[in-house]
Structures are given as structure tokens and as C-alpha cells.
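Each of the next two complexes has chain A plus one other chain: chain B in the first, chain C in the second.
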Partner chain A sequence: MKVVLDQDRCIGSGQCVLSSPEVFDQRDDDGIAVLLAEQPPADAEEGAREAARICPALAITVAE
Partner chain B sequence: MLSRVVVVGASAAGLTAAEALRREGFTGELTIIGDEVHSPYDRPPLSKQILRGAWEPDRIVLRPDALLADLKASWMLGTPAAGLDPIGRKVVLADGREIGYDGLVIATGATPRRLPFGHDLAGVHLLRTLDDTLALRDGLRSARSMAIVGAGFLGAEVAAVGRESGLEVTMIDPLPAPMIRQFGAELGGLLAQLHQSRGVNLRCGVGVSALTGEGGRVAGVELSDGSHVTADLVLVAIGATPATSWLATSGLRLGDGVECDQYCAAAPGIVAAGDVASWHHPRIGRRRLEHRMNATEQATIAAKNLLGAKIPFAPVSYFWTDQYDVKLQVYGRSGDDLDFHIVAGDPTEGRFAALYGDGHHVTGAMAWNLPRHARLLRAHVANQIPWKEAVAPISTNVGG
Partner chain C sequence: MAEIVEELPTYPMSRGRCPFDPPPELDRLQDTEPLSRVKLWDGSTPWMVTRYDHSRQLLADPRISSDPRNDGFPFSNAAQSQNRGQFNAFIVRDDPDHAAQRRLVTADFMIKRVEAMRPRIQEITDGLIDDILAGPKPADLVETLALPLPSLVICELLGVPYADRTLFHRLGKTLLRRDNTAEQSRAASEELRAYLRDLVKRLDSAPDDALLSRLIVQQLRTGQMGIEDIVDMALLLLIAGHETTANMIALGTVALLEHPDQLAALRDTDDPKLVANAVEELLRYLTIVHNGRRRVALDDIEIGGRLIRKGDGVIVATEIANRDAEAFPDPDKLDIHRAARHHVAFGYGVHQCLGQPLARVELQVVYSTLYRRIPTLALAIPLDEVPFKHDMAIYGVHALPVTW
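Moving on, here comes the complex of A and B:
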């Protein structure tokens, strides 16, 4: 799995960090998401998919 | 086992429900009915990036065509639904066709409220759809002055875009400050200062009695105190009502939206999600939310429940608004009926976070340009931390 994060779209909701803390974090200053693991380990894949589904800014895509 | 599901509504909630149905193993016939001609698109950027001209419409499509095709659904776009027969299990379209179903998702969204006058004048706009937005954007290019009736989310966001586009902007609301219903008086006061500091002529505590025109074009707004605001563009942003008129004779319970139980079910075989749905939140009672995040979360649970799951829908809701360089985010419940207490940062520094409470527990958390804090404070909402404990000085250390 490859996770792609579009920081230009990100609104800093932090929803991805809630559903997938192994894969995402937020910058301190503006809350924009950062990718911790572009290719998440198997046990973090479902969390990454969930993050892509719920992101209110459509900033995350997951290629299987 | 369902064999034929119809989704009425082809925006965020409808599309999410359709995707969730497939993901959960529904292999039957799937029909998606939408009143707009466009493929599903995202609405929050309409009053921000699209209106400002920073993005073109191709950036807000919700899914690329290939993913839409993967759904193997029949799409009926530009096709408003006009009625529902829940006994015969048929959706009736505006053109008279009938579409049978054994499972139905209602996701028809909301319709902007209108003033009882003035909408026949050129230059008077509503903002809900992409087409609305492009029309207003065209208007912004040639206008010198804009009056915005209503200082809620939409009005306040458009006021910011109007100022950034160099227009004279007047924002009018009968309440004492912008967004008081959503945020309460203290934060409303800060928003009033924000807009005034950016040059908005803010007219709060006064109503609108007429729109004035010249030769069929709007020329201004007459206020209830007798004053007149000159404007060659007017946006009416006085909220929205759930789009339930097509359900008027269906027999479904319609209050403030389609009334659902805690499982998002409106009747056997019928669920509702998104702006149109009022449901019983297991912890806080009947709610209806017009938030982007809710469309996704509610549609996912509604779809699962339509397929036979029994999952109560009990979210910690989330919404945000962008105005100028300010990002406001709220988790949970906020509003003018709740206590408000700043727990981090300082409004005078332009960054702070606060909690809302009902006197007993924390109900909501908000942040003004402190996005990370919003998420960290969310735990206080989810765990319903006692108010006294949450606002004690030690709790200001939210980590991070």
C-alpha cells in the first residue's frame, strides 16, 4: 500500500491522526497533516484506508 | 438480503453511502439519483477556494470517474425525486418515472432559505451548488459592493472572500454578532472584531425589510432601522432547510429533517444521512447536522445498518470554517446556550483554544488557529470530562 497526502488540500482537521496515528501526525504550527509512513505496515493499512475515507478535505489517497 | 438499493442524493452523503454499501458486500442493483447534473462534488470549497478563484471546479470532484465506475451503479443525475411510496417501495421522479427499491438511502441535503422578497432581482444570489457559486463568482468580478444577508458560516466566509477581492462588504444579521448560534457570544464578539478589522461594515442587531432595485437589478438593502445599504451584489445566506419537500406525502416522520432513530433508520428499509437527516444521538438526543464530516460518518453507519447491522450513530461531530487567515475548528457541541472557557493561548495573540460545557460536562472543544489543540481537546469531549475538572488550570496542559 502507498499513501499519498496532498498538503495543499489538508485543512488540519486531525481526523487522520485519530484514525491512524501510526501513519499520520499534524504539524504544531498550522495543524497540516504529515505522513509518518508512506508505506504503512500491514497492521496499519486499515487505519490508513479509514483515514482516506473520512478525511473531510479529500487530502488522502491510498493506492493498494 | 437486499437486492435493489436506491440512493436519493448524489453528494457527499449519497456517494459515501453507495461506497459503503459496496464495501460491506452489497452486490445487488444500485441506483443513485441526484437533482444536479454534476458528478458528486465537494461543497466546503465552494465558499472558499472556488469562490475566490483559487481553484477551478475540476479540483472538487469527489471521486475520479474510474472510482465512480467501480461502484457499478446506475446514475440518474439531473433527475430530482418528487415523491416516495414507502408501502409500494417506489421513488417517484419529477418526470413521472418510478424506481422500485427494497432498500432506500435518503441523502437529499438541504435547500437554502430565501427572503420573502427580492429574489427576482438580478444580482441577488444564494449559495449552495457549484452553479450558484460560479454565478456569484462572476458577480464578484464586476461588482463594487456586496451586501450579505446573514452572518452564519456561509455569510462570514463569503464576506472574507469579498474583502479579499477588494469589494466593499456589508454583512447584516439580526443577532448581536456573527455566528452566535454556532459559537456563543464571546466568540461571536471576536469574529465581529475580526471582520471589522478587515474592513467589513458589520450591521448586527438589525433585520432586512426589503431589497431595492433599479431596472430589474439589485441596488441595495433596506434595513429594519430605516437605513439603506448600497450594494450591486447581494448574497442571501440565512441558513438552509432539510430538503424533504419530495417526502411530504410519504408518511415518513418529518420534523427538522427526516426523523430517524439512533440507527439512522426512518422506517423499515429506509435510512437517512447528511444534512437532511435528524437522528437520535444516543448521548445527546435529537440532532441534525449540516457539516461535511457528518455526511461521511453518518452515511457510512446508515449504509451498514441498512444491510442489517445495528450500530448506534454517536459521533463526536467536527466542523471548521476558514475566514481570512483564521481557521476555526470545533469538536462536539458548541453554542450560545453553553459555558465557554479558554484553556490555551490568548485571543489577543490570535491563537487560542476553548471548551464548551453544559454545567456538568465538557460538550465541545474549539480552536482558533490552534488546530492541533482542537484534536487534543477532543478527548475531553469524547470522554465527557466533568466541567470543573476540565477548566481547572492543570487541564490547560493538553500536551503536544
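Moving on, here comes the complex of A and C:
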């Protein structure tokens, strides 16, 4: 799996961090999401998929 | 044409017998005519969007505007219509202005910042419950817990004196009434703005570490924001920061008391994941923002075989989208074990709630504490005598007499 995050679209809702803290964090200065693992380990894949489904700003895509 | 307009259902609609369920008419529209028209107070006939997938699609569409200065915007009442332009925070702006303003305050509400506040939120909650237990029975849960907790937390976060709560509670309540006249709304807004303007000036001469002072130092003093811009931001964060969570605490408690099996499961768990899940389910089930998400189309949009034309008003009724069986099987059932985090109770698209991480932690703390500390908690009046907020833009209860 490959995760792509578009920081320009991100609104800092934090939804991805709740879904998948192994894969996403937020920048200290403005709360915009950062990608911790572009290729998540197998046990974090479902969380990353959920993050992509839930992201309100459509800023996350996953390629299987 | 006049005859057709006459037959359209009027929005907002009345709820049916169950105080937790959305109006039956919305349910009917979702089943039979998911993209239809409704009639508003001023005779305008915006689109009514009731399905979950349509709701998400439209709220995330950049051709849909939140800016009430655009022609065709579906106003909630005469007050909103006549006072447009008075309030100019990012929730009534589109990108790129919206994003630029929102990003100034996003960091304060991000997950790790809010998680760091959890011990303080727990401490406040414990103290308020101590006071309830030491006080007279029955107690009004709204006045003793639901309103004080989020008010205190947002005051500390913003740097607004909690001692001034009577003023901003009263004015916030007036601004959220569905049947406000333009005069009532303008007077309340002016009074609140005057208070906040004065506060901003005081903070400018003696800044602290809280959010408003940082905005003053970084934006006001550098000329990037004017004082009215700071007042807009303060007003938005202060009102949205307490009214919403307060209603979820009180209404959530009524819902749980009416679903004792769910309340027992929540009270008996030591699993923070189940508590967090219960919060998501209650957010979905109750969807307290029951005035629709109001938008206007900036371009023609094809959706579900219909054509929304440029300039058409659009109301996305997230209160019924969250009861769509396609997204939530057996949607009218409150089930704290179900997967519910994809709900749209916080909205969807770039305007999705800024304060959602804070609301979540506040609700997790309250729901995991209150029913354990007061296991015999019960309504002190019959359910049908509870004053539900049918008259407010945000649903909840005006008061909640409880005993134990």
C-alpha cells in the first residue's frame, strides 16, 4: 500500500490521526497533517484506508 | 408554479414522537425523493439533500459556497438574511480566504494539543460532579455540568474570563434562536461584539498565553487582521466552543437514560476505545445541528440524475444523512458498539468542525465519568416534560432536572 497526502487540501480536522496514528500526525505550527509512513506496515493498512474514507477534505488517497 | 411551491414541505420540520429522531418528513424525503425542494420562511425553494452519499459529495464540492453574500443563499430566518455581512468569520467564507483564516487557529485544536488538555478536562468534570453530589436534589444537569464544563474549557483556551459567562451564555442563546427578529439578533450580536472588542483591547495591553492573545500579537499588531476580524474569530470560537458540546452532554444523557442497556454497557467498560466509539455513535444518533448545512451553488452541478443550477440554494440535512441505512444499518437504533466514525455530525468538506477533537475529548471524559460517579442518575421529570430545544438552531435541552 502507498499513501499519498495532499497538505494543500488538508484542513487539520485530525480525523486521520484518530484513524491511524501510526501513519499520520499533525504539524505543530498549524495542525496540518503529516505522513509518518508512506508505506504503512500491514497492521496499519486498515487504519490508513479508514483515514482516506473519512478525511473531510479529500486530502488522502491510498493505492493498494 | 405557485401551486407546486404551495405543496412543497416547509423546512425546518417538526419532529415526531421520539425526541431523538429527525422529523418523519425528512425520513420520507430520504426514501422517496432524496434530492427535492423545500420551502423556507421567505418562500424560497432551495434543494433539500437527505442521503448520506449525496451529502458528502455536495459538502466536499468546491462549486458549493458557504458565503451568504452569494445570491440564492438559503437563510435560516429574517435575522440571518438582514444581518448578512455583520459576521465574517471563516465559516461564512470560501477558500482560499476560508483556509487562510482557519489555519491561524487549527493548531490549538489538533489532536495532541487537545489530548494534553485531557487531565484538566477530567479535573474540571470531577469538580463539577463533586458539587452536584454535595448539592440539592433534583439538580439541573445543564446548569451544573453540561454548560459549565465546555464553557470553562473554551474560556481557558481562548483567554476569555469565565466570570463573564452569564453575558455570553445569554447572548449566545439569543443568537441561536430559530425565530429571532433581525432587531433581536442585531442587538445581541452588537452587545457580544462590544464585549469582545473591549476584551481584545484589554488583552492587547496585557497579553497572556492563550489563543486570543496570540492572535492579537501575531495578527492584529502586525496589521494582518483588524480588530473586527479578531472579534469575528473570538465570537465564533466562543459560541461554537460551548453551545454544541453542552447540548451533546445533556441530550446525550437523556438518550442514554432512555436506553438503559446502552448506558450500562458504557458505564461498565474500562475500554477507552468503546467510550470513544460511544461518543461517535451519540454524535451520529443525535446530530444536534438540525438546521441543515446551508450552501449555494456557484455553478451547475449534476448529482443523482438531477441538475442543481448555479445560484440554487442547497440545504444538506446532516441530521437525516446520519440516519441513512446505506451508511448505517438499522440507523434509528442507538448502538454504542457500531462503527459510526464516518458520520457527518461535524459536517463534511473543508468546513468540517474545527473544534471536533476538543468536543470528542470533552464528551469522552463526561460520558466515562458521570454515570460511574452517579450510577443511580435518573430524570427527575417525565421524558415528555423535558424542555427540548425545538426553538433553537442547535438541538438539545433547555434544562435537565436529574436526581439520584
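We take it that the second predicted complex is superposed on the first by the 64 of 64 C-alpha atoms of A that agree within 3 Å, B and C clash if a C-alpha of one lies under 4 Å from a C-alpha of the other, contacts with A are read in each partner's own complex, and residues count from 1 in each chain.
The rule is short, and it goes like this: contacts are C-beta pairs under 8 Å (C-beta built on N, C-alpha and C of every residue); 3 or more make two chains touch, one makes a residue touch a chain.
Please read these numbers as outputs of a predicted model, since none were measured by experiment.
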Partner chain(s) touched by A:R53 [first = chain B, second = chain C, both, neither]: both
Footprint overlap on chain A, where chain B in one structure and chain C in the other make contact: 11-15, 17-18, 26-28, 30-32, 53-54, 56-58
Chain A residues within the chain C interface of the complex: 11-15, 17-19, 25-32, 50, 53-54, 56-58
Residue numbers on chain B that touch chain A, as the complex places them: 16, 19, 42, 44, 62, 292-293, 296-297, 300, 318, 320, 322, 327, 329, 370-372, 374-375, 378, 400
Contact set on chain A toward chain B in their complex: 11-15, 17-18, 26-28, 30-32, 53-54, 56-58
In the complex with chain A, residue positions of chain C that touch it: 59-60, 99, 102-103, 106-113, 341-342, 346-350, 352-354, 356-357, 360
